[in-house]
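Shared between the two complexes below is subunit A, which pairs with subunit B and subunit C, respectively.
== the complex of A and B ==
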């Protein structure tokens, strides 16, 4: 085996340090969530009491967050993919300007967007107190991520010629869109979808202003728990959050896969 | 293909194309494509040849007043998906999300053919293009030549009324281009399908075309059989664009064309001609005794099967080709002879 020089060990050490810096707090927090008394350390023993307490007290926020994230995903798919398609096909400077403007909701602080939403829609009582009010905020915030990642993929393939080829074979607009455009943008749609779901799940700035006591989301609940309950409960909340979101993201990855198989002409 | 399709006659009537930014891509064009013929549209990039093809395909609409007719039926307003024309692109435009079989079957699936018939037709197409072994490959696993075969199979699978090819061989390397050109030629003859073949490559045009349309700056420069275009170019542009052309200034005198470097016998020479054109292959090296023109070698390029000579003839440069195996030194004297029959004149000559 080749002898490794000092540079290799230095780099390895540095990488491990960075990893530890990022991972240790997460591990500590999750560990704190199952420790009887964090002040006295893990010698105090392990318990699922805090996790159960979070489950009992905050279960609704978890499901609400997942619900909002999935609804947000549906909205950004329905709005974002056609928008990206239209932008990719349009050659005009106007389309390029819109593309740039799309990042505005990301650049503007979430608090400002939330304030604007509240000022505008405060009088619509039912809307203001419903979870859909939060959804609107989340869609505003996450839509650019969907459009951008789909647009990037559409820019990389010669969509126009592919569509012309499909059209010459008799495919109308909708057929082309679903058999050629969408399957070939799959990687961009998947990247966008993962981004949208994670951003929506973790969104706090905007949601903190948009929520009502009856429409708390997971991060808002987390802030509550950290502020008003034991550290162990807040940490248990983190643990629950983690356990919920990882399978969800893996699920989205898997859900995107059959698209590829579905368009393959099977053998006799 | 097992069942014959009646070949389609296509007519363009005053089909111009101006793009939204005001660029005139094509002057109003009248063009007749006969049923079953292979028409090659030839010209440099930007001459409007691809625009003409896209008008026929239905990918572009002509400026108001222009009409596209298929067998006498006005199809100007009919979108491409209902024109039943096969398209083959320079970039192949194969669907990366499907395998070879999926690509070839695509048009049949869209057309609602049931699975049994579809499979049979796909197999037939794969066999015709000799790519059966590639049926289950992904598109990114194919070479350029294989991709273009798949593209042809895909376009022909739906039994189009006409086949439109837009620089189909341009992306391939020279050797493959030759092989595939021969194959495409055989295929088009066998199918007897009306085809329009756009290219900037004159060798392709000569080899494939029943007729050639030479285009320049959005206008038709000449329409004719390959031999006609080569041996009787209608304009300076066509003469320069197709092959290599020599031009020689002089004057007609007593049935001879007299130049500073000598005289070429030219029975029946039209009077008043001040310039003649001829191809390098019409020029022979001759003995000093029987020579018509005398000159010196300005440059010589050995091309393997022949040597291309640039000859300085009394201040005018001529290109001659010879199969002689000797070497030609710079400034060596050479003597040339040209048949009077090989001399051409242009109407727009000075």
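== the complex of A and C ==
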């Protein structure tokens, strides 16, 4: 048994302070979003007025963000899972280099990526002003998370032996891929998918430059609301965002658990 | 080329084409445009020769370094504490510390306003304690607080994973040889965590250098580099200089991460 001396309680206190630093403002903003007048405190009563105001003014951004996040998920699945498989099977120095390259959009600031996209595709008017322009940015930014998450699982299971077994039983490539490879990687695919949707819903740095007045996403709307509307409305909008994102974040933490046990390489 | 290799190439091809068309080519274009403005290729030197840009670079670097140091100290202490002690609600604390990982920068800016803004909780607390309101959200302190806020969830898991692998017997040996607690932290725990601290620190630093949303929400007068670049792009419409500056910023953050990666395992940053 451990002795719980003064040092333990000091460190526990410190850790609790850090937790409070991260969590208290979240709770406060959620509270502020349903308070009649935040300045005079919760005694002023609770209301859904601000939430309704957000719903009326920014409903489109909510649906657009959900739509882009889902489209982004489809793209990263279609592009990322086969790419991860190819990288896992190739296992050469070249494959490692490609993987490093794919991660670059996460390593360099979104501002730079967005700027690069704009200077290149500015002249394609329809593309520039449509929501797919934002989607492209989101796919670049989230693809590494899908690829890495699937790669981590593929590295932990013995893919080669599994496939050889299936092949010796007469399974062709397509059959192996869909009935052996994909089911064995589902924990990685799930973890990657949750991360992709969460990150896409929250992406701001790129989207702020890529959006047009007609293609505002939720975080862009948030920035608008913070800058121009009263604190209660900004809070209510943030509350809506939290309600959308918190289940995803909890899902990520739950999905990460078996992955941590199964693989040593799973940490980003 | 063997048949199986051709198949792998085919599977990678869709991702490769998208990546090349929307990332590699645009990045090359960004580099070229950066050099074809009114100033030509000297635009790339502007970050060092132009006083405003240089100041912005220095401010951003100092701020990011301070954020990295503070975050590593906090995550180091809390991370080691949480790996060394087991109590039943420990998992809840770990969940709380990693929870804001995917918050966008704008929301984190708003969290700082909730803490240190004109109606913030720290202000209330300070007023109650000292009779004076404390408003720090819109100063460099606000930026620092916001950056530390989004850096803690990004570092704590790395530190905890490394602390898990430390052998407590080495610490016991040090203690039995007469080393005090501080000595143990300095000479045993910190060196053991060094690779993790390096990679976590690099993520922290690179994310802070490129962070835009938080500074944007707080609308501070402190011009961190991404805000400066945004200003050059939108207000001055000087696309060449904005392109050159963002290319330099991209290379800088990428270099920091690449250097740390060669020093210690694989790492990825996530934009804040």
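To be clear about the criterion, the second predicted complex is superposed on the first by the 229 of 268 C-alpha atoms of A that agree within 3 Å, B and C clash if a C-alpha of one lies under 4 Å from a C-alpha of the other, contacts with A are read in each partner's own complex, and residues count from 1 in each chain.
As a convention for this text, contacts are C-beta pairs under 8 Å (C-beta built on N, C-alpha and C of every residue); 3 or more make two chains touch, one makes a residue touch a chain.
In this text the structure is predicted, and so the values were computed from the model without any measurement.
Looking at the shared chain after the overlay, A:170 reaches subunit B, while subunit C stays out of its contact range.
In the superposition on chain A, contact is made by A:22 with subunit C only, not with subunit B.
Touch criterion met: A:186 reaches subunit B, while subunit C stays clear of it. Of the two partners subunit B and subunit C, more subunit A residues are in touch with C. By the touch criterion defined above, A:50 lies against neither subunit B nor subunit C after alignment on the C-alpha atoms of chain A. Once the two complexes are laid over each other on the shared chain, residue contacts for A:162 go to subunit B alone; subunit C is not touched. In the superposition on chain A, contact is made by A:139 with subunit C only, not with subunit B.
By the touch criterion defined above, A:58 lies against neither subunit B nor subunit C after alignment on the C-alpha atoms of chain A.
Comparing the two interfaces of subunit A, the one with subunit B and the one with subunit C have residues 267-268 in common. Contact residues of subunit A toward subunit C in the complex are 2, 7-8, 11-12, 14-16, 18-19, 21-26, 28-29, 32, 38-39, 75, 78-80, 82-83, 85-87, 89-90, 98, 101-113, 115-117, 119-121, 136, 139-141, 143-144, 147-148, 173, 195, 198-199, 202-206, 208-209, 219, 222-223, 226-227, 231, 234-235, 238, 241, 245, 248-249, 252-253, 267-268.
Residues 157-158, 161-162, 164-172, 175, 179-180, 183-184, 186, 260, 263-265, 267-268 of subunit A are the ones touching subunit B in the complex. Note for the complex: subunit B touches subunit A at residues 57, 59, 79-82, 84-87, 89, 91, 93-99, 101-102, 105-107, 109-111, 115, 119, 122, 136, 154-155, 158, 160, 164.
By the touch criterion given at the top, residues 4-5, 7-9, 11-12, 14-16, 18-19, 22-23, 25-27, 29-30, 33, 74, 77-78, 81-82, 85, 93, 95-107, 109-115, 117, 119, 121, 149, 152-153, 157-158, 161, 181, 206, 209-213, 216-217, 219, 226, 229-230, 233, 239, 242-243, 246-247, 249-251, 253-254, 257, 267-272 of subunit C touch subunit A in their complex.
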